[in-house]
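Below you'll find the structure, written out as structure tokens, and then a few comments.
Residue numbering begins at 1 within each chain, and the chains themselves are lettered A, B, C and D in the order written.
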Amino acid sequence: MPKKKLIGVIGSGTCSEAEAKTAEEVGRRLARQGAILVCGGLGGVMEAACRGASSEGGVAIGILPGEDRQSANPYVQIPIVTGLGYARNVVVVKSAQAIIAISGSYGTLSEIAYALQNDIPVIGLNTWSLSKNGQVDQSIIPARSAAEAVDMALSLATG
Amino acid sequence: MPKKKLIGVIGSGTCSEAEAKTAEEVGRRLARQGAILVCGGLGGVMEAACRGASSEGGVAIGILPGEDRQSANPYVQIPIVTGLGYARNVVVVKSAQAIIAISGSYGTLSEIAYALQNDIPVIGLNTWSLSKNGQVDQSIIPARSAAEAVDMALSLATG
Amino acid sequence: MPKKKLIGVIGSGTCSEAEAKTAEEVGRRLARQGAILVCGGLGGVMEAACRGASSEGGVAIGILPGEDRQSANPYVQIPIVTGLGYARNVVVVKSAQAIIAISGSYGTLSEIAYALQNDIPVIGLNTWSLSKNGQVDQSIIPARSAAEAVDMALSLATG
Amino acid sequence: MPKKKLIGVIGSGTCSEAEAKTAEEVGRRLARQGAILVCGGLGGVMEAACRGASSEGGVAIGILPGEDRQSANPYVQIPIVTGLGYARNVVVVKSAQAIIAISGSYGTLSEIAYALQNDIPVIGLNTWSLSKNGQVDQSIIPARSAAEAVDMALSLATG
């Protein structure tokens, strides 16, 4: 029996309604296609994605920064308690076979950077753009919708 | 819907046949009682416990020290890739609501110490004994069988 | 006696001659002004900065990703061995009161992101530029020379 | 110029006067013999050892669990800020070429276990005793005095 794919969803712990709607749809579509959602387990984009996965009977894993499993949002089925603070971002990224970044702040940027350093595909929905010395870095693959992001992530999640 | 309990099973990456048999029975009984097994994801006691859980349709999570999900034993359903080396022991322990220690070497001892530091119950099957300045420390709760260890772990896993 | 300031220098493990020259001058100037250099302890920009600090009798700390203190470049006086892989980037950043980023790749980007998330000042020398949703993020403070970068870092290192 | 030896001193964050006296003497003797002291940077045994090192002009490094360099005891010259919680114990241990354990609780036990797992010599002063399945484990080398512990640690710190 082939293992299920683990797809990471990253974004801020507080987010706009539009971002939450996108994240929820990402979570729903991942669950419908049989993927396991892995995220940081807290609020905002993470909670919306977990709610989406949960609404379709999917599995949502939350890799928590703190010491307390109660800090997970209510839609996390499997809380992984690290106590590592934001060094846990590394674990979120490495556990995923592809990453969907939804908007996000500096924590999300650190996760994008870790993913690119580890050759883990990053699909972006209105997220960071990078350039170095005036040269644009095009490693983040832009998606136009939750549906497109999920399709791309699943097809690239081969590692 | 109440969340499933996460029970940690710790022990060496290589083990005797008797230890493997015990670990497998622990895994089977945890799965039958609806608990999720969390372990370090490698061989020996970890693999035997995952094999037991898997044989009963249970979920086994492997918190891996390395960078490669392929390093998980074949019975791990959900590989968590940390890249943290043996600092990942902390994550195994904190993610569990109770720990069953089966024999084990110094890595297992570090996990027992972390669990006791965090007030996570530790059930021991032929594992370490501790004393300090001539005083025996009785924090590790001894069990006489896999069945007893699983019953104790589930009843103590309230945190 | 006031404690010495800890300044982080981040950049790639392999670098151009021009980048090495800049890093070495940064290291020299930090040492001359009595600051302690903290970096990832490996080659490239890290080694050049340590060489500069060492040539002026300064202290260079290397926070190593691996398990072996021998992996430090020869100018590291104090090797901190983490075994955490690239999660050690978090430790480099948090230990510094200000960061000087010299060019760099995705590992450096993850460190910049962690620093900005933690309100640690980041001075950039030909390094990453960030924007989100078409809006330029100006949190990285650009410097035009090693001398200017060191002066900025020392004056901002108040945390 | 040969690098200075890094010797770890581990023990509880609160301790008796007798333990503090021992730790302070360990710190003084390490400094006099030119070794760098590495510890967890907090109070109790750690603070006493740092005070001893400081009183002899030695260098004391504190590997802090939290996010704040101000949490270091006042005798730490070089605070390493990890934000990793007690996973930082791994970094204390791996950075040291030998460990002196003074009494201590479960956190100290986790550090002893990590050191033994990594073949780092552990000298014990009234600390834990270990046995497994009725067999005593004699890996912790007992010392009868601070002087003897320091001499043993320095002669064994060859890795």
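Heads up, the rule we're going with is that contacts are C-beta pairs under 8 Å (C-beta built on N, C-alpha and C of every residue); 3 or more make two chains touch, one makes a residue touch a chain.
The structure presented is a predicted model; accordingly, all values stated were derived computationally and were not measured.
Peer 1: Farthest from subunit C in C-alpha centre terms, which chain would that be?
Peer 2: The chain lying farthest from subunit C is B.
Peer 1: Suppose each chain is reduced to the average of its Cα coordinates; what separation in Å results between subunit A and subunit B?
Peer 2: That gives a centre separation of 28 Å.
Peer 1: At which residue positions does subunit A touch at least two other chains?
Peer 2: 67, 83-87, 90
Peer 1: Sort the chain contact graph into one of these: line, ring, star, complete or other.
Peer 2: Contact map by chain: complete.
Peer 1: Residues of subunit B touching subunit D in their complex?
Peer 2: 84-87, 90, 103-107, 109-110, 112-114, 116-117, 126-134
Peer 1: Touching residues of subunit D toward subunit C in the complex: what are they?
Peer 2: For this pair, the touching residues of subunit D are 3-4, 6, 36, 59, 61, 63, 67, 69, 77-84, 90-91, 94-95, 97, 118, 159.
Peer 1: Mind pulling up the subunit B residues that touch subunit C in the complex?
Peer 2: Spelled out, the residues of subunit B in touch with subunit C are 67, 83-87.
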